[in-house]
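In order of appearance the chains are A, B, C, D and E, and numbering begins at 1 in each one.
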Amino acid sequence: MQVNDNKDFQPTIVAFCCNWCSYAGADLSGTNRLQYPANVKIIRIPCSCRLNPIFILRAFQRGADGVILCGCHPGDCHYTTGNYYARRRMSLLFSMLDYLGIEKERTRVEWVSAAEGAKFAATMNEFVDAVTKLGRNHRLEDLRCKKQ
Amino acid sequence: MQEAMKARAKELLADGSVNRVAGWKIGEFSYDITPAIFETAEEIDRDFVYDDFCGANLSKYLISQSRKEGKILVFLKPCDSYSFAQLLKEHRIIRENVYIIGIECYGKADINKIREKGIDGVLGIKESGSSFVIDSIYGEATVPKMDVYAERCLVCKSKKHAVYDELIGEEGDVVPSSRFDKVAELEAMTPDERFEFWRGELSRCIRCNACRNVCPACSCENCVFDNPNSGIANKAAADSFEENMFHIIRAFHVAGRCTDCGECSRVCPQNIPLHLLNRKFIKDINEFYGEYQAGENPDEKAPLTNFTFDDCEPSIVYKRGGNQ
Amino acid sequence: MENLEIARELERISGVNPRKCMKCGKCSGTCPAYDKMEYHPHQFVSMVETGRIEKLLESESLFTCLSCFACVERCPRGVEPANIIEAVRLMKIRPQNENHLHAEQIPELLDENLPQQAIVSAFRKYKK
Amino acid sequence: MQRIGVFVCWCGSNIAATVDVNAVTETLAKEPGVVYATNYQYMCSESGQNLIKDAIRDQKLTGVVICSCSPRMHEATFRKAAASAGLNPYLVEIANIREQCSWIHKNKEEATEKAIILGRTAIAKVQLNAPLIAGESPVVKRALVIGGGIAGIQTALDIAEAGFEVDIVEKKPTVGGKMTQIDKTFPTLDCSACILTPKMVEVAQNDNIKIYSYSEVEAVKGFVGNFTVSIRKKARYVKEDICTGCGLCTEKCPQKNVPNEFNLGLDTRRAIYIPFAQAVPKVATIDPNYCTKLNTGKCGVCEKICTAGAIDYTQKDEIVEQQYGAIVVATGYNPIKLDNFEEYAYSQSPDVVTSLEFERLMNAAGPTGGVLLRPSDKTHPHTIVFVQCVGSRDVSGCGKPYCSKICCMYTAKHAMLCREKYPDTEVYVFYIDVRTPGKNFDEFYRRAVEEYNVHYIKGMVGKVAPSGGKLKVQASDLLNNEQLHIDADMVVLAAAIEPDKSARPLATMLTASMDTNDFFTEAHPKLRPVESPTAGIYLSGCCQGPKDIPETVSQASACAAKVIGLLAKDKLTCNPCVAHSDELMCNGCSSCANVCPYGAITYVEKEFRQPDRTMLVRRVASVNPAVCQGCGACTVACPSGAMDLFGFSNKQIMAEVDAICK
Amino acid sequence: MKKMQAANLNDFFRAAAAAETVYLPVDSADGARFMKYEDGVTLSMACNTTRSAKDFFFPQVENLVDFKVDGKKIEVIDGREEVEDFVIFGVRACDLASFEILDRVYLNTPPVDSYYKNRREHGTVITLACGRPQETCFCKVFGIDAADPAGDVTCWMLGDDIYFRANTEKGEKLIAACGSLLTDVDEAPVENAKTAIRAMVDKLPIKDLKLDKISERHLLENFNSSVWKDLYESCIGCGTCTFVCPTCQCFDVREFKTNEGVKRFRCWDSCMYSDFTKMAAGNNRLSQLERFRQRFMHKLVYFPANNDGVYSCVGCGRCLKSCPISMNIVKVAKALGGEANE
């Protein structure tokens, strides 16, 4: 486990949210004024199955400390089957990252429906906490992109 | 074996069934065998060889060869036939233009293992029962075959062909294999140990692309890593990240399609055990979604283009295996 | 009265999940020993589900079941009542450190009306 | 060079209270490519929109970023505004600085910083946005209804009524479906034929409806608005347009021993037949399996007797190709085979019948002329046992896991009719649960119990054994905790219903998805219950799940409404954010097609000029933008990166990632 | 000529490493490779390293220039790495010869490559005469004497002793710095050793590869030869041969977008790659056959034609060992008529 670089470490978190459920769920947590840290920045994708593993690695390369994918609950996909594929892809990818010794807590998938604003905020709070504890991402960083 | 293959190849050439033969061509030192296309009986008589060093998998050559004029004969070892079948499933080979002779295989030798035994200056290798007699600049040596067989052959998964038109030699069976042992061993390590292990291995990568170019699953017209429009193209491992990126994505792209033929590790000039990445995916797929062998069943859906409603969640990764 | 712990143990031994039962009664509808039984197959399932084990343990029904498996065969939900009855029976006849029986004792204890199951079970347990 | 305009909205104080909008505007103005940046109190107001429009014109903007509320709120508004100012609407990106920033953060400094990053991310994305033009595809104003049961009939009538042409393909010689075989309908007990046959006639007479009876769908190509369907018109050896339906042939045909499928084999018909008197079209059909002339070349009685000269022994199957804008699946159901339920002695005694057979035995047009007689000895049964849930709710593998939904009600109907017509019969109904949701349904069932004295017994029949002309029924009565032994004269099994066997191959042709029970899946279980996820395919009746007649008819009409909605359009506007394949990079491996839920990807063999100037034919993917819904599953399945998604391209998403992580 | 006990080799490295970084071949999972000397690191006895020594002067990736982007401002920063003096120990004759070939490209013909020059000037090369040549070695074909390589210092390992000979001023300085470990000796044992090595080399299987039919004079004949068609087909188009080759000197200039701007770097390229020298107008070698032919024609015909007959191959044999499909320059040369007298 990495030691924190410093006490004020603010992780960079990229959250990929599917347009139909999770992005709406994120909006709802805003509408309900449920707070979660500003470290989380959301990228809207049409469906969780749009998330290419390359994007996750890219985020880590560019300095992200954690990446989370949020999509519709299995069975609720707007496109019927998208999240089922995403689920398989991410299970395998995360397992591979773990196999390469990359902290498994840096990646996560969470199913958040459009009604689960509270769950979205809670998930983000939890995830930011977990990543903050891990400290800065060193194992998948690209030194050329290091913040100076 | 070799003589039977030569005879059959010449026969098929002579009766016009095929106009080319894909096989292996003798080299300078009996271990440096090159895949080759033979067009005449004379070439076959002179250069064709099939022995313990014909490890190269010929199936990928059929992508381009099957699009050429006329029919081609190809000799496929059991493990090669899985690659072939997988390529067929992906519509990469025109089946009508290929005549497959399945050939038996009891394992192929790895010249690096001979060299690791301190036998250098190898000039020629002869078979003698279950041993090799090696003639070298610095004398003669005898080694048991099993000692110098390639790792992939020692953990062979199948002596049965996935596809063939005719067979020379005995058809075997799918055999129990211990091929996931090393993966399991790595899984049992702590993440720090695993990280160190893979840094040690992947940092040697020189991005020569041999693994990719030899891989029958990596049959893309234009690899994302070569395509400047992909946004991730890269010619050199300019940073340790690039090494990870290349190998993770390559393994991911072949996940569910990789037949575990082991060519990637065979050709790596830097001796990186790349098959351990692919096998990890295979092992996970087997554990998460049920046993799957790419290339085995032409009608089965590939694990990554399939799903069930009650698949495991990605959080399974947090729960399972490995020391913390 | 209720003993859910034992009930869960019975579920484990029998491999039966009584909550799969939809209370159709086909097991009891098909049971050839129905009239001889105080508790009927569907009741076994229901009583194990709700943990009313003691009554079952005291009941003769345990040994009136013929283990013909008609109930298992007919159950549309795959509940396997006979397996659960067998599990209760085992609990009765094979409790640890109780009712030890020696093989030699069996002939004199042998009774025409003793269910075959009990004899076989006794032998299985005590033959060594 | 990009000329990007940035518009930061205050949203009154919703944004401005926590985000320093001036700081955001100033910082974003410095971003590469940005030529104009401003902020305004309400960007979505008319004056706010005018601000954007003016800037687009004056500054010659090539891209617009609006930092405001969620795109789910006003993306459409701003796109429209941009379009009206002459900028392609897909060159607008929204940075969500309200729901995902100002509303969730309290610290102004933090929120401002995040708003800047979100703005920068949108700028990074818009730099790579391509102008997209929503494609249009014409709509063929004709619908195809597959299946001519009550579902198909109702859907066809409603569509035709709206003025569109409809074709019905029915595999049997007549339309009407299962409802023609039913005697009375619950809960009103009106005669099924009386309410159905007028509709069948209506279908036949409606100028907008064409019936392909005795026909099957052979192949389906195309996509929503533009399907090409091949229909196989099976040879009936009778010229449909000449036959008058007089029925003389069906009386004279010497081949008498053909099981009559209309009566479920309870009686026989001739080799040339009209299924029943009210058949539509009322045309004879020769059964090629039994016709002596067709099998041996001898006979020819019907030809001799037919005054119209309609018989044609040389007729061949005919394939008709037709264009349709929409396809309705109304393939219906069948009772399951009871081979797995030997305990009920269905195959051992003719007096054990299914409920549908029982309908025929009660029907005035049935084999017994409406008098209830035991099939075995044609005597009047005095004790009748009804068994519910035969094969329904069965997870043991013998039957179906689902509830067949209609059995409780029709069994109540049967029991009631028995008691009404023959008060001397004892009627037992063995049930697991009685399910009667529906208008007047429970009242109906209670009437059977209370007024007609039907014995409803909670419990299941375990065994039926024929013995001495009786049926020994062994069952449990769970409420009285006893086992019953009834000597019955007849046993009626409420067999589970399953989708018609033709549904599975049809689903493959239509690329419509099915569940494990072969019911078609609806696009959304609640909100789009009559549409398949495959655009242009609609579901009517039991092909989607078990239904009774009222429910089927309402779904059929709902389905028709959806079809009419589609056919009313001249053109379909497609979502331009769809996948597209770079043919030069495509390997033709089918990974993308394997994950596409809409069947939007097809493959073509295309000739390409190789780098070495030779030509090579390769198999490449081609996306139909009218069918693709833009989920992006294919883009990740594609290893070569040939497949990409407009509006959410790989490069755009990576640019967003880069901007966030900067 | 100086001498030292082999047992003292570590002391020698330590002494040398005190002043500048010392690199030496060390055994590792991928065979021998050059590694930085640190305590505990021992010299490999392998015939040669898996990768060539060209990396020291012409690394696989080298930063050229950085562009720092701040809003709309772009600042240009020289991204060149500071190179300090270093010593490479254990360079074989073939690799040393490769430096001369690289020099011809990067130093001797204008424009001088300042990045290369910088590294070259800071490096001191200690060569090591070959003791155990391999079947894949054929340096003699190119007139390279494995027994007596030049370099700043030449070493011979004879049993328990190591002999040193300084050849240049740089070499003299280095030897002087480690003077206390070395003793002056007579050259006779070394001469004997050289004879023995040369005898050994004469026994190698492909030492006699004849290249007379492959030359500028036969350019068209070679170029249009039918053998290319037969040989290229097995080539999988990877870059292994070019990357392990000590003389391959092609590079590509690439850019990488960092968070703060753009990094421009160069990295090795391979003429085997389909996008090699790809330009806006397309590619000048369109098929794998042409690319395959280019590599060998360049090494054996074009380069000597432009460089006083010096081949761009030093016979180190690395490509023979590492080609995934065992196609190599020897097989090509033989197919083109360079068959050795057997």
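Here, a residue touches a chain if its C-beta (ideal position, glycine included) is under 8 Å from a C-beta of that chain, and two chains touch if they have at least 3 such contacts.
Note that this is a predicted model, so its numbers are computed, not measured.
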item	value
Common touching chains of subunit C and subunit B	D
Longest centre-to-centre distance from subunit B, chain (CA-based)	C
Remotest chain, subunit A as reference, centres from CA atoms	C
Rounded Å distance between subunit B and subunit D, as computed from the means of their C-alpha atoms	46
Subunit B-subunit E separation of Cα centroids, rounded to whole Å	30
Centre distance in Å when subunit C and subunit D are each reduced to the mean of their C-alpha atoms	48
Residue list for subunit B, restricted to those that touch at least two other chains	224, 232, 238, 304-306
In subunit C, residues with contacts to at least two other chains	none
Per-residue multi-chain contacts in subunit A, two or more chains	53-54, 58, 62-63, 81, 85, 89, 144-145
Pairs of chains in contact (touch as defined earlier), listed by label	A-B, A-D, A-E, B-D, B-E, C-D, D-E
Contact set on subunit D toward subunit E in their complex	30-32, 610-613, 658, 661-662
Contact footprint of subunit A on subunit E as seen in their complex	256, 258-260, 263
Complex interface listing, subunit E residues touching subunit B	28-31, 47, 50-51, 60-61, 132-135, 200, 203-206, 230, 233-234, 236-240, 242-244, 252, 254, 256, 265, 267-270, 273-275, 320, 322, 324-328, 330-331
Subunit B partner contacts - residues on subunit A that touch it in the complex	53-54, 57-58, 60-61, 74-75, 81, 84-85, 87-105, 107-109, 139-144
Partner subunit D, residues of subunit A touching it in the complex	12, 14, 23-24, 26-31, 33-36, 38, 41-47, 49-55, 58-59, 62-64, 78-82, 85, 89, 121, 145
